Amino acid sequence: MHIPDGILSAPILAGFGAASGLSILYSAKKAEASTTANRIPLLGVLGAFVFAAQMVNFPVGPGASGHLLGGALLAATIGPWAATITMTAILMVQALVFQDGGLLALAANVFNMAVLGIWAAWLPFRALSRSGHARVGLFLGAMLSVLLSAILALAQVSWSIGVMSQGLWVFCLGLFSVTGAIEGAITVAAWAAIEQLEGRSGGAKPIFRARYWILGTAVLLVLTGVFFASSAPDVLEYFQNQTGIKNSGAAFPALMPDYEWKQLNGEWLPKAAAGLAGLLCVYGLSVLIAKLAPKGQQ
Amino acid sequence: MIRVSNLCYEYADSGPVLRGVDFEQASQESVALLGANGSGKTTFALHLNGILQGRGEIEVGGIAVKPATLEAVRRKVGFVFQSAENQLFLPTVLEDVMFGLLNQGVAVEHAKARAMDLLERLHLEAYAERNPFHLSAGEKRRAALAGVVLMEPEVLILDEPTTFLDPPGIRELAALLNQQKMAKMIITHDATFALATTTRAVFFEKGKIIADGSTREIIERFDWV
Amino acid sequence: MKLDPRCVLILLLFYLGTLSSIRPGHNLLLALMCLLPIFLLLVSPVAKGELLAQAAYVLPFSFAIAAVALLRGNTAQAVFFLLRSYISILSVLIVTKLVTTLDLLRAMERLGAPRFLIVVAEFLMRYLEVLRAEADAMRLAALCRGAAHSKLIASSSLGMLFVRSLERSTSIHNAMLARGFRGSLPRLYPMKWEVLDSGALLVGVVSIGVLRWSL
């Protein structure tokens, strides 16, 4: 999310400017010290690749397409220090040539996307690569990269102009969660294509399947759906209210009545935890049935 | 000027490319390297300035090509790569043409003056401050050549210099090359261009030089038109 | 009057920083601060209408921010954010028309940005159009084969573009080595700070400062 000039307040710009400056100075030293001799042209050309990649429309649904943002792919291929420098160069060119993001606002945009975004992408990728799940790590990293950068950008805007409403936060988080998932999917697809072209895909486990999409989306909905859910009565409750028929109570004590884990405190946590527990129960039950049912009936 | 003895090289992912190449070239001599795609011509040429380092002995201008002598060797060998787009890597044409001189330690103002002088002779002075991307194929080729010629090498190697050039551009390039007095090595599939710019040719096949003679004789012998 | 790019950049950043220090509600002060870039626009040899329109293209984000203020019933604040955003973008646009992007990048380097970063940015700018042309050619080739909505084609295109980028960077590096590159790029454009630049900087900073802090 590129913040333009004229939005952020001076203290926010000063604070994040200092953080960005120090991060970039350090990253430049680390990136330059790399032993790969062709560092300079490699980083520059990959920066240009990110621009070019944004021209490739990736179909993500009926009538919808997205494009690669590139932070996670950069981090995974050239490491976090070099990726930070490349992303900073991209942001500078975007600000100067295309006015995509402000010039003074680079202070914040660089920190959000080139520092936080790159490391948020790198860390899960690195951790999961070690256990042979590079693509999962890449998906998670890409998603986190987009989501965390966006959250920080929204926070910076909120600190500058005043508190944003909860509804707006929820809407933005939902939107960026979807964007992050799209980025994850495109990044993994691009990674798979690169591996194939470089002849590295022979031993890769095809673990990125539709069931992970569905499970991931379900978890996301369960954890955030409480913000979207209407508090209006459902049809049955409405009918009861209109006709005066009273609810006679549950036939047996419920573990989590009204879809809330009553033992937990707060407004969001009891509901989200109950939803997650229910989802896991349903999933576990489904897996059990699948394993026990005769093969012909599956 | 150039002496190569039993040069062998193989790429990690594709096996042997050069299988014992012997070659000699005198100063001011112009030689065409002919042969099918993948026969080893470019791989051979990349050894002469140390970009690739295989097994065998290579001597350029009396200097043995080794990691320790690469700086000196690259002052003697000028290489014009097949892709002018990748050769003109700096943001403006003038900067790019000056690049080699600056690496040789020439002062910025002096390098700039010499570069502008050469660009004017090549009718490229109007493009000095422009991004090389905006030049035509012929202009890019001339600019790439300028950046190498300005370094005054003793050997000029050109890899497929007529790629993307139209017939007038090819004739212009040939005339330009014939004005250069240094030894020249031209990798090309263009028989007419080879005849116009070289007197001798060698023919590569499967990583070895299988024939060496006058350009016309080699072209006729292998029906290379 | 040709100023050192460093002077121009410092003045621009000082102006933008001063704008960002104005709190919402001080619309009169903001309006007065707008006079500076408007004056610069009028005296500069640039396409004025085009720049005024171009500055508006970036406003959708600012519209969203202004909408938040409007939803909270604060029209003055909404106008404030829109105006501040617009005039900031216009200022940057005017400067980027008067000073080349390369000069601005080099000015950043002279003012402390790491040289490594600036050189990478220069390479990026050099090959931006080359790779975009490649991506465009791939997109057209895919369309010609009826693959506008194919994930496979899209991911293959991205993969191919990436691998070609790696190959290109190696080719560029070889070309650099062949011309004596030893690891660091020579600095080609020494910048010379003149008395005029000191004068312009002083006048600019004082004008902006007086306007900002006298009201």
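Note that the chains take the letters A, B and C in the order they are written out, and that residue 1 is the start of every chain.
What we mean here is this: a residue touches a chain if its C-beta (ideal position, glycine included) is under 8 Å from a C-beta of that chain, and two chains touch if they have at least 3 such contacts.
Everything numeric here is computed off the predicted structure, so don't read it as measured data.
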Target chain B, source chain A, minimum contact steps
2
What is the identifier of the chain with the smallest separation between its Cα mean and the overall Cα mean?
C
Measuring centre to centre, with centres taken as mean CA positions, what chain is farthest from chain A?
B
Could you tell me which two chains share the largest number of C-beta contact pairs?
A-C
Where the centres are mean C-alpha positions, what is the separation of chain A from chain B, in Å?
49
Using mean C-alpha positions as chain centres, tell me how far chain B is from chain C in Å, no decimals.
39
Round to the nearest whole Å and give the separation of the Cα centres of chain A and chain C.
27
For chain B, give me the residues that contact two or more of the other chains.
89
Check: chain A positions touching at least 2 other chains come out as 41
Give me the residue numbers in chain C that touch at least two other chains, ranges are fine.
122-123, 125-126, 130, 168, 172, 176
If you look only at chain A, which of its residues touch chain C in the complex?
2-10, 13, 24-25, 28-29, 31-32, 37-38, 40-49, 51-53, 55-59, 65, 68, 73, 77, 85-86, 88-90, 92-93, 95-97, 99-100, 102-104, 157, 161-162, 164-165, 168, 186, 189-190, 192-194, 196-198
What residues of chain C sit close enough to touch chain A in their complex?
12-13, 16-17, 19-21, 23-24, 54-55, 57-58, 61-62, 65, 68-69, 71-72, 77, 81, 84-89, 91-93, 96, 101, 104-105, 108, 113-114, 116-117, 119-128, 130-132, 134-136, 138-139, 148-151, 154-163, 165-166, 168-170, 172-173, 176, 183, 185
Of all residues in chain B, those that touch chain C in their complex
46, 49-51, 71, 74-75, 77-79, 81, 83, 85-87, 89-92, 95, 98-100, 102-104, 108, 131-133, 147-148, 151
Chain C - residues contacting chain B, complex
102, 122-123, 125-126, 129-130, 168, 171-172, 174-182, 186, 188, 190
